[in-house]
Amino acid sequence: MLRIAIIGAGRIGHVHAATIAAHPGAQLALVCDPFGDAAENLAATYGARACKEADDVFADPQVDAVVIGSPTPLHVPHLLAAARAGKAVLCEKPIALSMEDVDAASAELEAVTTPVMFGFNRRFDPSFAAVRTAVEAGRIGPLEQLTIISRDPAAPPVEYVKVSGGIFRDMTIHDFDTARYFLGDITEVHAVGQNLDPEIAAVGDFDAAVVTLRTASGAVATIINNRHCAAGYDQRLEASGPAGALLADNIRATTVRLSNAEVTDAQEPYLDFFLERYAEAYRLELSAFIEAVESGSPVSPSITDAIEALRLAEAATESARTGAPVRLG
Amino acid sequence: MLRIAIIGAGRIGHVHAATIAAHPGAQLALVCDPFGDAAENLAATYGARACKEADDVFADPQVDAVVIGSPTPLHVPHLLAAARAGKAVLCEKPIALSMEDVDAASAELEAVTTPVMFGFNRRFDPSFAAVRTAVEAGRIGPLEQLTIISRDPAAPPVEYVKVSGGIFRDMTIHDFDTARYFLGDITEVHAVGQNLDPEIAAVGDFDAAVVTLRTASGAVATIINNRHCAAGYDQRLEASGPAGALLADNIRATTVRLSNAEVTDAQEPYLDFFLERYAEAYRLELSAFIEAVESGSPVSPSITDAIEALRLAEAATESARTGAPVRLG
Amino acid sequence: MLRIAIIGAGRIGHVHAATIAAHPGAQLALVCDPFGDAAENLAATYGARACKEADDVFADPQVDAVVIGSPTPLHVPHLLAAARAGKAVLCEKPIALSMEDVDAASAELEAVTTPVMFGFNRRFDPSFAAVRTAVEAGRIGPLEQLTIISRDPAAPPVEYVKVSGGIFRDMTIHDFDTARYFLGDITEVHAVGQNLDPEIAAVGDFDAAVVTLRTASGAVATIINNRHCAAGYDQRLEASGPAGALLADNIRATTVRLSNAEVTDAQEPYLDFFLERYAEAYRLELSAFIEAVESGSPVSPSITDAIEALRLAEAATESARTGAPVRLG
Amino acid sequence: MLRIAIIGAGRIGHVHAATIAAHPGAQLALVCDPFGDAAENLAATYGARACKEADDVFADPQVDAVVIGSPTPLHVPHLLAAARAGKAVLCEKPIALSMEDVDAASAELEAVTTPVMFGFNRRFDPSFAAVRTAVEAGRIGPLEQLTIISRDPAAPPVEYVKVSGGIFRDMTIHDFDTARYFLGDITEVHAVGQNLDPEIAAVGDFDAAVVTLRTASGAVATIINNRHCAAGYDQRLEASGPAGALLADNIRATTVRLSNAEVTDAQEPYLDFFLERYAEAYRLELSAFIEAVESGSPVSPSITDAIEALRLAEAATESARTGAPVRLG
């Protein structure tokens, strides 16, 4: 029974709390949030303890593992503190808002020996994972072209956008990880940022983007992002090779299809956002984390995966600003 | 070059005229219709001759084959006259409005030696035909259950319904032929007629029906009919066996799919009616007719097929009236 | 917090136990099975108590409600005993193996005042329920034709078939309930039984069937059943009316589609069987039961629903044997 | 009746000949090919005359219009000669192998006053055209992201690739025209060329590519090309805007779907190549040409469209070689 603490009692903290509570091999031990009420309310729901200070989590001998859902600038400090205290860590993405912050802590990050896994939930989505498994099994031959379409249902508030680090670090970073999950290391990034929404433009960010990634193998990945989508949370992926193609389509709440004088076989809008769309992925992510911690096998996605996704986000940011592709080491 | 005459310059006559004109091995020689203007207009479009009397068709030495699209009560007299004159015949369905009429002419029908093919166009629909080919090839194992859904976009005028012979002879007869095409001889018919439309009920006909057909092989066919369908001309068929199932889906004018806040992947309404839906089938039907006539191979569907479909229509009519299933020969 | 006991620690008992354990408003209090080990093992998984005798369940003051998953002949005795003890009941289908058994207990069944709900899980399937909600909301106009396709992935062992009461009581009974759920009372039943599997024929049962149901409203339902289906557990439903149609399609584990030289947009086989296909339905069924019990609102499906479904099963059995339709009250 | 000559009796010449022959308002008057047999055979099929010299076409007073299907380097000389002779022209793409050739003839091209239309057949594909019509009608709001997936079933022979002008001029040029058809003028091109096929790499060309196009409106188009595709000729297009998205899917010969133990709802491979996939587009293209010529309305796509598509192809070629995006005037 893995005793888990959660730092951050916000939206994603609630998801993890419910997932931990439902897992037969885990127990929600402690919830930490500087807003004590939030921590206490969430803790009470699952019969856990609450605290306000992250240090109380790291010092707690009744805690085996920590789920870090604190604001991004605290991810590195928190994961290092947790690791120093010998706790296993499941940390939300991104690892940091800039590579500068990562580089500043690089010696300490390299020295981490406890399991630290990053919450790139899409690796655990059953459909995306099934495509990757089939690709690895050679069902389509060598992967040649990967197309990722990822559109949010609606843009976040401008206040959030301002501190988000920009679309590439905040939104595309998931797709960068997915691209690396399928294709390994990326050698060149070209990004076009779009300013369709003047409010987001006003705070210096893009609200849509098309990114092209080259790889050492010769395969190319294309990422198409948009901060809004009328039909819901549009999350698709197509892997194409000489022997075939595999598509992971969107998910709806039911399989109902409507036919009438205007439309035929019309399905429902997509599940609205990530909590619903990736509900199963969050469950499988936690299971993978617990299993890796308990068996001592390596966690994945790792700190390195988190750093590489951030590196791609920075390269895309630069490319979108300068207009020129960015080559990577 | 097969020189073909058409009797009947109505809607279906126009389809056949266009199909003949476009066929490299056929020539539209003569159009016959008691309404001389209709015959002349249609003939003029394709550079053919026109006449008012069917006998002028049968007597014409410049005519090798006759497409019979006259009113149903004239089908048997016209096909017999054409056959006596040594013409090949492609006759529209049904062969007659009652088995009584068929039985009265049975000796003459049996004595026919020229090729007489019946216009059960669905046998030539590429999707239905592909399903049958796959079934014959054993792709799903022995056919166990055949489901035919066949709904017209809108009911015909009541005046038409009155003289149509009833839904089973007029509409379901196509599906009876399809069932026989897949399953061979039928041993028992059970039909439920529905009266959803009071105007059609008032003239003594049904406007929807569900028919169950038993076969000697043990397979069962289900036919679901309706005189109206909001989404267009609903024409589907599913063949199911122990090793799999094959579905022939509806056809739309384009492959466009719309996604928005109400619907996702919504397709267009179905092609509206038989001239559009079975346009390709009419072409292939004519080709099969010409090929059979020129090669001397047997035509199909045959007079026997036409008679058996009518026999099923009569059995269904009786079953729907009495409520009891009707056993066949 | 509703304290629930389960009678029957078999396959369905495990489903209910897991569902109860995961429900915030319920607690698994007691598991009863004549095979004491089965009861104890299941109870241990969820920290519940175990017993061998059903009477110990009814007598237990720590039990508020009973889920009855005992063999069918015990359903009526168990539900009556539970009701006499003042327990709420969620009983698996069918209510009994024959209407004779129901009639013999009819006075006692009518006198039941505690909530007794029947486990027709398909009413709670999100897709089927969404179709019904849309039908009730008038999205397709008055329901005219309902088509239910229900095929098991593989036939049960012959030993099971022998004591199952026959395909109509064991398998089709779900579809009868679904038909009543959409259409209300049925006035006539016509059934064709098929003997595709000689082993099942040898024990006097059918292994496939097509059933036609007439209703007072004039709508007709068609049920197509088969004990095997190569592609998995085939569970579809189409409701059709003058303004449109609604289809509830099959469910797959992922949304992956494969395209290669043989197939395009090929999806996975269907979820294999009812535990997987109706997992969400079992959860929603239990929630509806708990909510009804706690709020005092009527449970549904009710004892009457269970009896009427059995009545249809008997009528279908008779129709399939005699070949004649059976009229109902 | 428009009397049309065809220059070039190859594959595309055959398509145009059949289309002209089937069109009620056109007549195939003359077929010209330096291989006299090819011209004579094709002419004979449709009762037309044949010649070997293009000049005989331009000089022929019985010819109203010319379809130019000669090798690309002859397109400009042929269209100018035809125009000088007062003939209307339908010219195959691309206009030339390099902008140098176009620029050398720019004064003469600008001076052309007879109708000259270019054969970008995809503008006439019913599905692509329906998407554009819906976009123009505002169904999805302002177009934000256009995704074009265009994969050939198999690479052409290396001998063809050598003289093709490269993938961007030969294959992508269609997609460039489609992008312009939807989005108007392009301001920047970024292209990544892939070398998956060593034989094509050996002759200095790419066999796959991903191209990103920026537009003045802020919309971005992505083109994904590949010289091979296991499932057939993969031709899809998705237009996305704030109010929805429209997808034009692939086309199969039938609507048949197969379900078995491995796959469900599996469709057939796509139509194999452009003659089949765009058969209807070729018909509608010819109709549009004839209608424009006869009514005196402007032809579209125009010489300017042909030049702009070539300009994009050259920009993409440069971008793929240098790695840097190319800005356009």
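A, B, C and D are the chain letters, set down in written order, and residue numbers restart from 1 in every chain.
Criterion: a residue touches a chain if its C-beta (ideal position, glycine included) is under 8 Å from a C-beta of that chain, and two chains touch if they have at least 3 such contacts.
Model, not experiment: these values are computed from the prediction.
The greatest centre-to-centre gap from chain D, using C-alpha centroids, is found for C. The interface with the greater number of C-beta contacts, when A-D is set against C-D, is A-D. Put simply, the C-alpha centre of chain A and that of chain D have 42 angstrom between them. Remark: chain C and chain D have CA centroids separated by 58 Å (rounded to whole angstrom). Among all residues of chain C, those that touch two or more other chains are 140, 230-231, 243-245, 250, 258-261, 265. The touching residues of chain C, counted against chain D in their complex, run 230-232, 250, 252, 258-270. Chain A makes touch with chain C in their complex at residues 22, 126-127, 130-131, 134, 139-140, 243-251, 253-261, 265.
On the chain A side of its complex with chain D, the touching residues are 140, 144-145, 147, 149, 151, 188, 190, 192, 194-196, 208, 210, 212, 214, 218-220, 222, 224, 226, 228-231, 234, 240, 242-245, 323-325.
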